[in-house]
Structures are given as structure tokens and as C-alpha cells.
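You will see two complexes here that share chain A, one where it goes with chain B and one where it goes with chain C.
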Partner chain A sequence: MTIGIPKALFYWKEPFSTGAHIGHFWEIFFESLGVEVILSPETNKEIVERGVKVSDPEFCFATKVFLGHILWLEGKVDYIFVPRLKTNEEKLEYCPKFFGLPDLAKILVKTPILTETFDMREGKIETSLEKLGKKLDKNAIKIEKAINNAFLKEKGSKKKQEQDFLKKIKSDKQRIVLISHPYNLYDDYVNVGIKKKLEKLGAEVIFIDEVPVKRQETRARSQKLDYPEFHWEFGKEIMEKIEEILKYTFSGAIEISSFLCGCDAVLKEFVEKAFKGNKIPFLYLIIDENTADAGLQTRLEAFMDTIQ
Partner chain B sequence: MKNYLGIDVGSLTCKFVLINEKNEITFSSYFRTEGNPIQSVQKGLRELKSQISKNTEIMGVGTTGSARYLSGVITGADLIKNEITAHAKGTTFFIPDVRTIIEIGGQDSKIIILENGVAVDFAMNLLCAAGTGSFLDAQAFRMDIPIERFGELALKSENPTTISSRCTIFAESDMIHKQQVGHKTEDIVAGLCEGLARNFLSNVAKGKDIKPPIVFLGGVSENVGMRKAFKGALNQKIIVPQYNTVMGAFGVALLVKKLGLPKSKFFGFEISDKDIRCTSFICKGCPNQCEVIEARIDGKVIARWGDRCGKWSNLNP
Partner chain C sequence: MKITFPYWGNYTIAFKALFKKLGLSIVPPEKTNPRAIENGAKISPEMYCLPLKINIGNYLSAIKRGADTIFMVTSLGGSCRLRYYGAIQEKVLSDAGYDVNFIVFDQTPKDIYKKIKEVSGASFWQIIKAAWFFYEKLRLIEKLEKKANYLRPRERIKGETDKILMQAFLNLDKINTKKELAEFKEGISQKISEIKIDKNKDVPKVGLIGEIFTVSDGAVNFGIEEKLGREGVEVHREMDITYHLKKRVFPWKDWWIQKKINHYLGSTVGGHGRDAIYEMLEYVKKDFDGVIQLLPFGCMPETTVRPILQKIHLKSGIPFLSLSLDEQVAEAGINTRIEAFVDVVKNYYQKKYEKLSGH
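== the complex of A and B ==
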């Protein structure tokens, strides 16, 4: 049996993934169950074009890209895996589009969609994973082993990421923090190669996702920041990480937002305030399938000039 | 005589500025690109050559504007600089204490915030080119008013009508509607200027701390109706300095001079007469299918760009 996993949206999300050092949570989980896994490739022009073609114009860019990945997998596998992510360990909600991804995928392709709901208000993450394993007719012992394998690898990745962060934050170059959702940060095609572009201009790029924070219910809030209790997990996550990064020195911050992302429209106000209030140069960029390379380059060059 | 050349090629117009060792502008030109940046650069160089003395020595060439890369490649520029930095540099030369620069060109509009002569924040129009020169051009053409007279006409209005400012398409429908219900042309033109200023301030300049002195630059700053509209909307004096349309070219000339290069890489005025062409092809190397641009002078490839991976641009001779 083969399972296809789209390399988009949920693929990059915690607690299942640790960005640059992806622990390959889903691959390890399924492979440990004795299932062959096929990943869709890195996003490319063809995937974007196919996704945009079938998308409602109101979808955010990241969702259009996701649908392109689903289409790439169609017919190549027995099942396409699309989990329904509803709430995380802190019982905070994922973006509403994550609720509907399996349904969108089902009406798009003929290949059956394998799904399971991850709602940690209802039960632990392991419970959902067990249900998922049972859908594939695997026994409890095998499933437990697969869960452990996947989490173990993920833990290792997390550690590596922390070490990397500590190295980067001490770099002699101009340290620039990039703020966005992991599926925009780690997808070079989607973000128009912003990391490479900044590195060429002499920057050390730090993704906000890489900033280590300790997850605690009762974190002491710093006086430097003022933001509400977020309804969304990414809102809390990004603001907490900003709070942490503000303890270090860096040259500037750039936020990338998917065109038509409603959640970002709210979040942006707090992100911008956090940096500007602390006198850190801030640039806001919106990306979509029409993002011109030249326009982005101009803004990045000017930004690097202003911080020098 | 040692001189430094700044070239600013934008979406609609092309600007040339030559400065001497004392930073004095000894030549400047401003003309329409007419959709052909290469020929415009050649034309600009030809005109420049005809107006300068024989002992003029070009010690450095800088390019800026949205076609800065192309114009830099075909002239052998020593410096290719973004237009934000170039405008900030040029403006602070004339008005050292400037705090806000509003620059509206053919398709871009930008705001630059400065502190102590240094740009500290900026914004450019993100996904929408509403309110830039191209739109004013199109409306002037549609109403059969020469663009140079558009602003004067706006000043005649005593009762500007409200024109939707969110989107140029809606602004145009709004203007047509106002014409159809019998509003005076000058009131519509003035209303349009006010709408565009409002649009700029609520989109591009949103959240920016606009402090005086405020300097207004770019082709659209020639429009007295727009100057008045910004003055009214901001309730502040709007300064439109001399060289308002060529400030980016002046800025990049200053920047290249500052490099203090012993010798320029400038290809010379001869390139005006050479056959310069750009062609493009789709790279079939991967599913990205990038459109790669190839620039040639007299058939010889001088540069390639447009690829995501660098396979072609790294091949540059």
C-alpha cells in the first residue's frame, strides 16, 4: 500500500514538523506501520499553476499551493493523507482552512483521502494517531511503536534546530528575522526565494519558527509586548516567539503574508507594533501567485540599505 | 572634467543626470520610455553626448529604477541601486532635514521616512498600482486633456466631487458616472486628485509617521492638483524641490561618485549606436520553467537573468 503526503500546509506544522530539520513525522509514522510513503515534490511552477486553476479565487495563496500538491499526488498512490487539524496541545484552534482540507481534497481528486481529526479538546494526540493506524488495519503494538518512532525523531530535530538558532543569533552578519507561517517560510517557491535573496544581500536569516520557546500555560509576559489571548494557535505561537527573539539583538524583521489570509490581517497589527514599539526596522510583504520577483528584490534591497 | 552619470529607468519615463566633482547638476533629461527601455537608454546617452564638452570624462555610472538591472547591464554601470535608497540620497542633498518623501511614478508609489538624513522606514504599493502616473495618464487621455494640463484644471475647481479612491477600476466607473450626471470636468479632475491622495495615504502610507518637512517627488509631483490634494489631506506644507522628477537619477549619481572608483566600467557613448537586444527563452531544466532573459550587444551575450536557480545567471560572462 502507498500513501501520498502533500508537501504543503499541515506538512510543515508543529507538533508534527520542525521546519528546516523536519523530523519527517508523518513519513516515519506511516513507514513504521509498513506502508510506503510518496511525498509530493518541492513546490514548483507547475504545481502552483494547477492549484490556482482549481482554486476558488478567495482562497489564500498557501491553500492554492496545497491543492496543486494534492493534484500532483492524484493517481500515483492508493491514499492521499490529509489530516483534519482542529486544535493543538494548548487547545487553541488551527486556521479554519485546516478544518476543511480533507473535504476540499475529497471533492478535488478520485484517489481516496485518508484522514483523521486532531482535536486535542477531545483527546490526546496519541488517540488520534491510534485511530489513524487502525484505519490501516494495524495492531495496537505496531501503532504504538510507530508513534514513538515518529516523536523520537521529531525531538531530535527540535534539538538540532535550537542549536542552530543559537549559532545564527550570534552571527556577525546583519541578522534578519522572517515572520510568517511555516508553510510560507520553508517553501522557497512560495516565498519567492526570500531567504536566498536576503543572504545575497549579506543577511543572516532567522525564521521566527526556529526561535525556541518553552510551552507553558503560565508564562510570565514581558512588559515589552502587548497582545491579546489569541484564539488561533499560530497567533499565540508567533507572538510568543517574537517575545523571545526580542531578548536578543538583531537588525530588522520582515513579515510575509499570504494574499487573502484573513488571520494574518489581524495578526499583522500586533507583529508590526511589537517590532516598531521596540525600534526595530520592520517590513511587510504580501505574496501570491503573481508576486513579481523584481518588486520583491527592490523592497529587500531598500530594507537592507535602511538598516545599515 | 570628471563627471558622474545617474540613470533612472522607470515604467513610463527615463531620467538622466550628470553631476560634476562639486555635485552640481550639469545635465538632466526626462523623457518617456515608450515601452522600450533599451532604446530609451541609447537615446538618453546620445542626447547627453551631444550636449557635453569633449573633455568630459565619465568617472562612474549608476542606475536605478525598476529597469535598473537592464540599464546597468547594457551601459556597464558601476552601481545598480534600488530607487528607495537613490531617492533618499538625492533628496537629503537638497533638503538635509527632510522627514518624509512621497514619490509617485508611473506604476510605483512609495513613502520614505527619514531621520537625521537616513532612511529608516519605507513602503511601496503592494498589490495595487491605483493612483500612480499610469492611471492619471489613462484618465487624462480618456477625457482628452493633455496630462500636463490635468493639474491646472484641478486647481480651477471650487467644488471637487468625491471619487472612489479604493481601486482605479471603481474610480474610473465613478468618474464616468459623475460625468454622466453632469458634474463639471474640473470638479471631477480635482475629485480624482483628492481620491488618489487619500488612497496613497490610507494604503501605501498607512501607519507611517508623516512628519514635516514633506517632499513630493516623481512624475506625479508635476501635477499641481496632486500637490494641492496632499497639502489638503495632510494639512502640511508640501515641498516640491527643483529636479523633482529626476531625483532618483541624481541620487544614484551621488552614490556612484561616493564609491570613488579609479576607473568606470562604463561601455562608453558608442553603445548608443550598437545593436542591443534582449531575447527570452523558457528553461526546460525543471518544472519551474523560468523565463530566462538574455541581453546581447552586437550579438554577444552580456548577461542573463530571470532564472530561479541561478543556472543561467551564474553563467554571465
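== the complex of A and C ==
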């Protein structure tokens, strides 16, 4: 049996995956169960074009890309895996689009969709993973092993990320913080290779999700930054990480949004306020299928000029 | 303290009555108009959904007329952006240099009661009485709107229903006592019964579904119900404040809806996304001749379910039109689309009719 996993949206989300270079929670989980996994490739022009073509025009760009990945997997695998992510372990909600992803995939392709709901208001992650394993006719012991395997790897990657962060924040280069959802940060095609572009301009790029925030600290909400109590996991996470990064010195911050991302319409207001309020140069970029390489380059150059 | 609040179609009448009954001094919001929308959009976050921008436009005109406090209700339980309306609107106005007080209500009776009590100083009974008066007006408004949807395609003198309705809402706005309200109810039902209609006329039926604010405010949706009615189409709409309140009081309604739509969507997607699917399926079942979805451009729940609505449309053959509204949409464009859609609806209805009568 083969399972296809689209390399988009949920693929990059915590706690299931912590970044492009690390993570791989889902692959490890399914492979440990003895299932062959086929990942869709890195986002490319064809995937984006196909996704845009079949998507509702008012979907956010990230969802359009996701549907492109689903189309790529169609016919190549026995099942396409699309979990229904509802709330995380802090009982905070994912973007409401995530609630409907399995259904949106289902009406698009003939390949059956393998799904399971992850709602931690209702039960633990492990319970959902067990149910998922049982759908594949695996026995309880094997499932438990697979869960442990996947989590173990994830823990390891988290540690490495923290060490990397401490190195980067001490770098002599212009330190630039990139703020966005992981599916924008780690997908180089979607973000038009922004990391490489900035590095070429002499910057040390720090992704906001690399900033370590300790769980205990996050419990007590600090009042230094003024923002609403988010019911969105990414809202709380990003704001807390911004609060943390503001303890260090860096040269500027860039926020990237998928065109028509409804959540970012809310979040951006407070992200921008946090940086501008602390007199840190801030650039806001909206990306979609029409974002031109040259246009972005010019804006980044201008931004780097202003902070030097 | 001079209080203002967002304009919301004919419901504004009921909200005005509520605040007056509580003894609050209010600056009523001006009816939403293109200028207000433009002004609101100018200072609102560009990517935010239309109702937020409209609200801001309403506030701006009320602030000019002396309002210093804003009442806003957000949906605490929902998963959509409405949740942050209070926070964002407060920020937008403060960034634009307006010094106003925001009182944000969660959609829980306890929170509403507590804050109302604090602001108005009214007694328990006064609040209960005001709330009841509010609800009576609100119910009447909804009933009149529904009745009009039945009458318009059947009236003999074109435009008579709307003429009577408009006058009725103006009068209803002035009513301050229960006694007057009872008299008004009697008077209006008399007037409505005098409207000459073709009782036996069979007309095509269209279901209006979508986001609650856009479907229920004629000033936002360019009077879509009137337009369809004048074209000879009977409009049905489930989505109104009573529907929403009922669902909050009886939460198992959501469970029931989920059960019915499980094949299409396995979960809530925020807002009234599930309801749109459920309503469309019901209209298909009831053999309607068309479904129109109205939504603010980019509305998260409504856009998520749109491909599913389209799927139902393709499977059942029922004509379907989805209209996204934002500050740039012009009435002329909407008119063209509605007219074209009415043609499709009438065609569909005609064919069905022919099939039934064996032609």
C-alpha cells in the first residue's frame, strides 16, 4: 500500500513537522507502520498552475498550492493523506481552512482520501494517531512504536533548531527576522526564494518559528505587547515568539502573507504594531502566483538599504 | 456617553429600540451607503472582510455626529474573523486618531447582561423588558421581510409591497411602547392583506444562502430580495438573527446539521459555513429553481464551502450563483449578474413545468 502526502499546508505544521530540513513526522509515522510513502515534490510552477486553476478564486494562495499538490498525487498512490487539524495540544484552533481540507481534497480527486480528525479538545494526539493506524489495519503495538518513533525524531530536531537559533542571533551579519506561517517560510518556491535572496544581500535570516519559547513561559501571558488573546495557535505562537525575539537585537523584520489569507488580515495588524512600536524596520509582503522574482528582489534591496 | 453601533439592515430599528428602552443616549448609525463603505475601507486593513469596513464607515459618520462610545458584538464561539472585529476596529479607529470608547460584547447572555447593566445602570426588570421589546420588534421585522418575499412576485401593482413595507419600517422605528406595537402589528397585517395579489400564481423559487450580515442587510446586498421579487421570483431565506439565536440556545441543531451534511463536509469551518451546505441541500430537496450564495469577498467559511456548493449544483442541476461583495463591487455589475441568473432560473422552472404537464 502507498500513501501520498502533499508537501503543503499541514505538512509543515507543528507538532507534526518542525521545518523543511528536519521534522518529517508523517513520513516516519507511516513508514514505521510499514506503509510506503510518496511525497509530492517541492512546489513547482506546474503544481502552482494546476492548483490555481482548480481552486476557488478567493482561496488563499497557500490553499491553492495545496490543491496543486493533491492533484500531483492523484492516481500515483492508493490513498492521499489529509488530516483534519482542528486544535493543538494547547487547545487552540488551526486556521478554519484546515478544518475542511479533507473535504476539499475529496471533491477534487478520485484517489481516496485518508483522514483523521486531530482535535485535542476531544482527546490526545496519540488517540487520533491510533485511530489513523487502525484505519490502515495495523495492530496497537505497531502503532505505538510508530508514534514513539515519529515523536522522538521531532524532539531531536527541536533541540537542534534551538542551538541553530543561538548561533544565528549572534551572527555579525544583518540579522533579519522572517515572520510567516511555516508553509510559506519553508516552501522556497512559494516565497520566491526569499531566504536566499536576503542571504545574498548579506543578511542572516532567522525564521520566526526557530525562536525558542519555553512552554512554562507561554502560560503566563506577558502584557508587554498589546494583542488580543488569540484562539488561533499560530496567532499566539507568532506573537509570543515576537515577544521573545524582541529581547535580542536584530536589524529588521519581514512578514510574508499568502494573498487572501484571512487569518493574516488579523495577525498582520499586531505583528506590524509590535515591530514598529519598537522602532524596528518592518516590511510586509503579500505573495501569490503572480509574485515576480524581480519585483521582490527590488523591494528586498530597498529594504536592506534602509536598514544599513 | 453617546452610543453608536453598526448599521444592520432593518434590524437597526430593533437595536435602536433596545438601547432607548435601557435609557441610553444613542447616535443612530446612518444607513450604509457607498460613501460610508468607501470611508470605512480607506482606513481599514485592506485584506479584512467587507462587514468590518462597513462597520467602520458607520462609526465614522456617527462619530462626526457626536458619538463617543461604540457597541459591538463579536462571536466568541466562532472560528472566523468576526472574533477579532472588536480588537481590530478599536485599533483602526485609534490609529486614525479617533478617541472613542469600545464596549465589545461576547455572544453570551451573561456577558451582555453584565455589560449592559454596567453601562446603563438599568434594573434587572428594565433589562428584561427592554430585551423582550427588542425581540418583539426584531421578530416582526423578520416576519415582514419574509412576507414581502412572498408578495413581491405575486403583487398586481408592481412595487406596492415595497411601498407599504418602507412606510411600515419608518413607522415601526418611532414606536416606543408595547401598546403602540400591538396596534401597529394589527394595522400592518391589515394593510398587507389589502395588497392585491395573484394568489394562485405559481412562481419560481430561489433560496438565498450565505453569510448572515450580507444576506440580511439590503443596504449591503443592493436589495437583492427586492430585485429578485420584482423579477417575479419568490425568495426564501433561513439565515437571520432568530435562526442564529435559536442555534445558540439549542446547540443540538448544529449536531443535526452536521449529520445531514457529513457526506460533503466533516466539520465546522467557522461562521455559518455548514448551514450554507445544509440549506442548499434542503432547497434541492424542496425542488427549488435556484440558489444564490452571498458572501463578503474572501469570507473564510463561505469560500471554504463554495466548491462544495458548486458540487451540489453540478450533481443536482439546480441553478447556482455565488456573489462576493467588497467595497469595489458596483451595483450595475450585480444587476447584470442577477438578471442573467433570473433568466437561467426561469428557464429551469419552465422546463420543469413542461415536464410535469407532459408537454
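Throughout what follows, the second predicted complex is superposed on the first by the 297 of 308 C-alpha atoms of A that agree within 3 Å, B and C clash if a C-alpha of one lies under 4 Å from a C-alpha of the other, contacts with A are read in each partner's own complex, and residues count from 1 in each chain.
The rule we apply is simple: a contact is a pair of C-beta atoms (placed from the backbone, for glycine too) under 8 Å apart; a residue touches a chain by one contact, two chains touch by 3 or more.
Remember, predicted model here, so these are calculated numbers, not experimental data.
In the superposition on chain A, A:Glu93 makes contact with chain C only, not with chain B. Of the two partner chains placed by the overlay, only chain C lies in contact with A:Asp56; chain B stays clear of it. In the superposed model, A:Asp305 lies in contact with chain B only, and not with chain C. By the document's definition of touching, of the two partners only chain B reaches A:Tyr189; chain C does not.
Once the two complexes are overlaid on the shared chain, A:Gly262 sits against chain C while remaining clear of chain B.
Of the two partner chains, chain C is the only one that A:Leu104 touches; chain B does not reach it.
Look at A:Gly252: by the touch rule set out above, it reaches neither chain B nor chain C.
By the touch criterion defined above, A:Pro83 lies against neither chain B nor chain C after alignment on the C-alpha atoms of chain A.
Residues 286 of chain A lie in contact with chain B in one complex and with chain C in the other. Residue ranges of chain C in contact with chain A, taken from their complex: 45, 47-49, 79-81, 83-84, 87-88, 91, 264-270, 273, 297-301, 303-308, 311, 324. Within the complex formed with chain B, the residues of chain A that make contact are 41, 44-47, 189, 193, 259, 272, 281-282, 284-286, 288, 290, 293-295, 297-299, 301-303, 305-306.
For chain A in complex with chain C, the touching residues are 56, 58-59, 84, 86, 93, 96-97, 99-100, 102-104, 107-108, 115, 117, 227-228, 231, 257, 260-266, 268-269, 273, 286. Chain B makes touch with chain A in their complex at residues 66, 69, 81-85, 118-124, 126-127, 207, 286-290, 306, 308.
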